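Shared between the two complexes below is subunit A, which pairs with subunit B and subunit C, respectively.
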Partner chain A sequence: MELKVPSELLTARRPLQAVVFPAALTAFLVLLPIVLPYEALAAQILVYALFSLGYNLLFGYTGLLSFGHAAFFGLGSYTAGLLARKVTANVLWTLPAAIGAGAVAGAVVGFFCLRRRGDYFSLMTLAFGQLLYFIAHQWREVTGGDDGLRGIPVAHLQVGPWTFALESSRDVYVLLAVLTFVAFLGFRRLLSSPFGTALQAIRENELRAEAVGYDTFRLKLWAFVLSAAMSSAAGALNVYLLKFVGLNSLHWITSGYAVLITILGGAGTLLGPLVGALAFVGLQDILSAIPAIVDRWPFFVGLLFIVCVLVFPHGIWGTAERLQTRLRWRVSAAGEMGG
Partner chain B sequence: MTEPVLATERLTRRFGSLAAVDEVSLALRPGEVRGIIGPNGAGKSTLLRLMAGEIRPSAGRILYRGQDVTGRPMYELARRGIVKSFQITQVFPNLSCLENVRVVVQGPARAWNFWQRVDLDRATLERAEALLARVGLYGKRNLPAYALSHGEQRHLEIAMALAMDPEVLLLDEPTAGMSAEEIESTMKLLQDVARERTIVIVEHKMPVIMNLCQRITVLHFGRILAEGTPEEIQASEEVQAVYLGRTRG
Partner chain C sequence: MSAQALLLQLVTGVVVGAIWVIVAIGLSLIFGILRIVNFAHGAFYMLGAYLAAFAVGWTGHFWIALLVAPLSMAAFGVLVERGLIGRLYGRGLVYSVLATYAVSLVVIEGVKILWGTVGPQFRVPAELAGMVNLGFSLFPKYRLFVLLATALTVLGVWWWLHRTPMGLFVRAASQDPLMTQALGVDIARVLAGAFGAGVALAGLGGALAGPLRGVFPEMGLDILVESFVVVVIGGMGSLLGAVVAGLLVGVVQSFTFLWAPVFANVVLFLLMIATLLVRPQGLFGTE
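This part shows the complex of A and B:
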């Protein structure tokens, strides 16, 4: 007998899910600052969730391991910070500017790095990242060097005669929550589009994707540009929150955060970056508050990371998703036997 | 005499000082099934890779429907109608069979659509399912490709190649590593496919070649040693001497 699993069940999402996902995401975003001890922590989680969402498009869905995404995160921060200091602190200007800067930088860096594959690609992204770091380090007059960029005015949203200042962490959180909601829904859509499925085909087997007519270089470049633009947006949002740009936003350790969070949450899963950011930033906060640990927290985060990778080989959310799929198969198999 | 659909003119590919393919001129008539045989290292796979645009020739030209397509990238030739299947199985392992075929059916030309949901596209879904049915994988359409047997993965590859609706199909050892039954079903499938398309097959298994092909080209050290019908090739003493590694006398 023919295996009776209608393809629509597995390929097309059931209508219910069209409502469940946005509703669950909304609930999460509303509850997050209430459950956590302070709003700045919730905001920090969303900044890193957005950074990793962009990173995950490249790493988790296209299969390209970049070690240089701090370049785009930092570039977004410096763009927003410098604009706020010299021109306008209106988010409607600084955020698109940061996204644009990230996209252009992504196109340039991607164009060169994507000439090489595998480890060489990764090392070239690292090199470009470090290049930007040292430029910011040396160019004191503009960037403030290792003192960072200080005296950034409070960001505000100005639409016509109405102005909303993003003074408190809660204000910034509201903006972040709205953008996170839009970004995750947009990415979900993107991933099931012809473009998104083509990227996943490249991740699975680039030669095969090319043999069936996909211009893999151009597709990878676009994935790189989108990923960089998203990372820059996260960088700009971080400035609204901190009102300061640290040189470390360009440091390779920041690139490492994106890698860690994505792997921790589950590379190649939509919600992995959100879950990973929650776990990573949350842990960091808990550990650094313990008096006996304080500045030794990275050691313990590293330790927990190793444990997590061993326990959840596909990341926290990735492993959960796999269990869920297996469960659904079992339920549908049982249902068929009963019926 | 009809114009050849695909032709090579003194096509050459050197790796260092070795000419893997050495001034090979071929002309394929529309609808022809051409076998390419030769001992290991004769340059068969290299020739196929050149024809698909996977690698660039060192010299010579490739003409497709009379147009010079030498040096064009593989993805462009694939879109224009020359599609290759590989010697080593190449599928998208973590995607389901259906997704494997669907990503081809949906069309690389639409890759710049960032918004539409392909999983809701009826026409694409139905065409992908029909292709899977044709290669006998409909029942396994929701399984990930890595869970298929070797023979099934090769059939999936053929479905993916057919999804491109190619005019010329280049098959590099389509039955490599298959069981006797799988070879049987693959031959049936290829005979069926051959009715509508021009095919070039590189193969080691003589029964497959003799059964499917109207003409056979024998390569030896990168050069064409002989060309003719299966009967002519079988009868050729020169071919026997070289191909079967026998020295007469």
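This part shows the complex of A and C:
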């Protein structure tokens, strides 16, 4: 008997999906602030979703475990915050500036770190991250040191006929939702492009990818730059939301959160970061509302993470995708037999 | 600047480096055998300091604390390895590393839940308080003791690795775990033992550092990254490398504090990045 693999499983490019994915994402983004008790929470989820989306490109799709992504998140925060204070609070200037700063920093850090592999790569990213942390810590006149930057001014954002009053969490959420929609659709496209498949080839077997003729260093560097730029954008957006830049945004613990969210949602899945951020921020919110816990929520996050690593190594969305694939296999197998 | 001041700065740097040496040896040991970058090492260091402080509080004897902290941390380490990290072998190193990160969160926050955000008092023991005359300057007695304790610890670890059967198995496992197992060594026990020993060293480092730097839940966050730096500079898995790099980095940082305090925290990372670029395997690493 011949084993047939249903072709849609391999390509997953049915015409319906071109509509279903954006529609489902839109529905999710519209419902999120309605279901949640307040908009700032929904906005925080999207900030972390974008941070982890950038992180996932590097970790989930290229297989590079960076422990220094707080550097880019923080860099974006400080760029947006400092520009808003000293030059202009216009998001149309500060957001691209933060993305640019993240991309340039990503190119420099990536260039050095990618010369090493495995654990050494992780430790180098960590070292660069902490380097930036201590620079910000010492350079009080510019960064405010331990205190961070408080009271970041915001300006109304005018895009065509729409005005976003960024003083309100509600409008920040709308801005974030639009950017999240664009970012996820863009990443979806990117991942199915030759560039995206080449990255996944590197993740599966770098030597083989190299043998086939890919310039793996260049590809990894591009992945690093894109990932850093996205993390930096998330950092800037966090400032529009909080009106504050904290020194902690640069600490390696923040890098750890990106790793946590990505794994929790499902590394190497497109929607993993969104699901992970929802679970992470939601859990944090629920836990810190319990009087006995409040600030001790990371304890339970850590416990959950241990369980996750032991029992659900593929994360929430990764496990869901696997179940779905198995189900489709069964359905199509049953169909074959019946027909 | 006078020769005395320079000498004093040198000795101070060596003492700072000594704590890094102990913590980094543990990290290096774990990496050498289990191939895991242990992100919980800082949390274990902190827990060791807490246990030592409590032991002093209950018994009144610093010496007992210096035994209790590493021994109970060794037991705790074996527990963590058997219960969690050991279950992740063969799943890719990423998951083991992430598991240690999660353990770090749980331990730090667990300590805060149990004992609050302010740590216990941990004073320099009476018999080690005061100063000694080094000839060129007065120097705190306790700091000299830390140096001595570090030297003894390094010798002890060397002896354990090179003169005991368990040490032989540990070294064999770091060379070729499969062959070691084929020769009849219970590799699971060796891995657990090596992890326990590494964690014990973290605990001892914390116990020694406690009276110098104070005991608080976050005390391990910085030293974790600093000992990563030391291990990378010295060469992952190399005992001699951790010793030399620890002392070297301590001295370099001490002089940076003197001449360019702004760079004192940054110089470590610059050294590490430079090492990785020029001699990626570290000073004494092989590969």
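Everything that follows uses one rule, which is that the second predicted complex is superposed on the first by the 321 of 339 C-alpha atoms of A that agree within 3 Å, B and C clash if a C-alpha of one lies under 4 Å from a C-alpha of the other, contacts with A are read in each partner's own complex, and residues count from 1 in each chain.
Heads up, the rule we're going with is that contacts are C-beta pairs under 8 Å (C-beta built on N, C-alpha and C of every residue); 3 or more make two chains touch, one makes a residue touch a chain.
Predicted, not measured: the structure shown is a model, and the values here were computed from it.
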- Now for A:Tyr214: first (subunit B), second (subunit C), both, or neither, which partner does it touch? first
In the overlaid three-chain picture, which partner chain does A:Arg116 touch, first (subunit B) or second (subunit C), both, or neither? second
In the overlaid three-chain picture, which partner chain does A:Ala18 touch, first (subunit B) or second (subunit C), both, or neither?
neither
As the complex stands, subunit B meets subunit A at residues 52, 54, 73-76, 78-79, 83-86, 90-96, 98-99, 102-104, 106-120, 125, 129, 139-142, 160-161, 163-164
Residue set of subunit C touching subunit A in the complex reads 31, 35, 37, 39, 84, 87-88, 91, 93-95, 97-99, 101-106, 108-110, 112-113, 221, 225, 228-229, 232, 236, 262, 265-266, 269-270, 272-273, 276-277, 280
Counting only contacts in the complex, subunit A reaches subunit C at residues 65, 112, 115-116, 118-120, 122-124, 126-128, 130-131, 134-135, 137-138, 252-253, 256, 259-260, 263, 295-296, 298-299, 301-303, 305-306, 309-310, 313
Subunit A residues touching subunit B in their complex are 2-3, 5, 7, 10-13, 189-190, 192-198, 200-201, 204-205, 207-216, 219
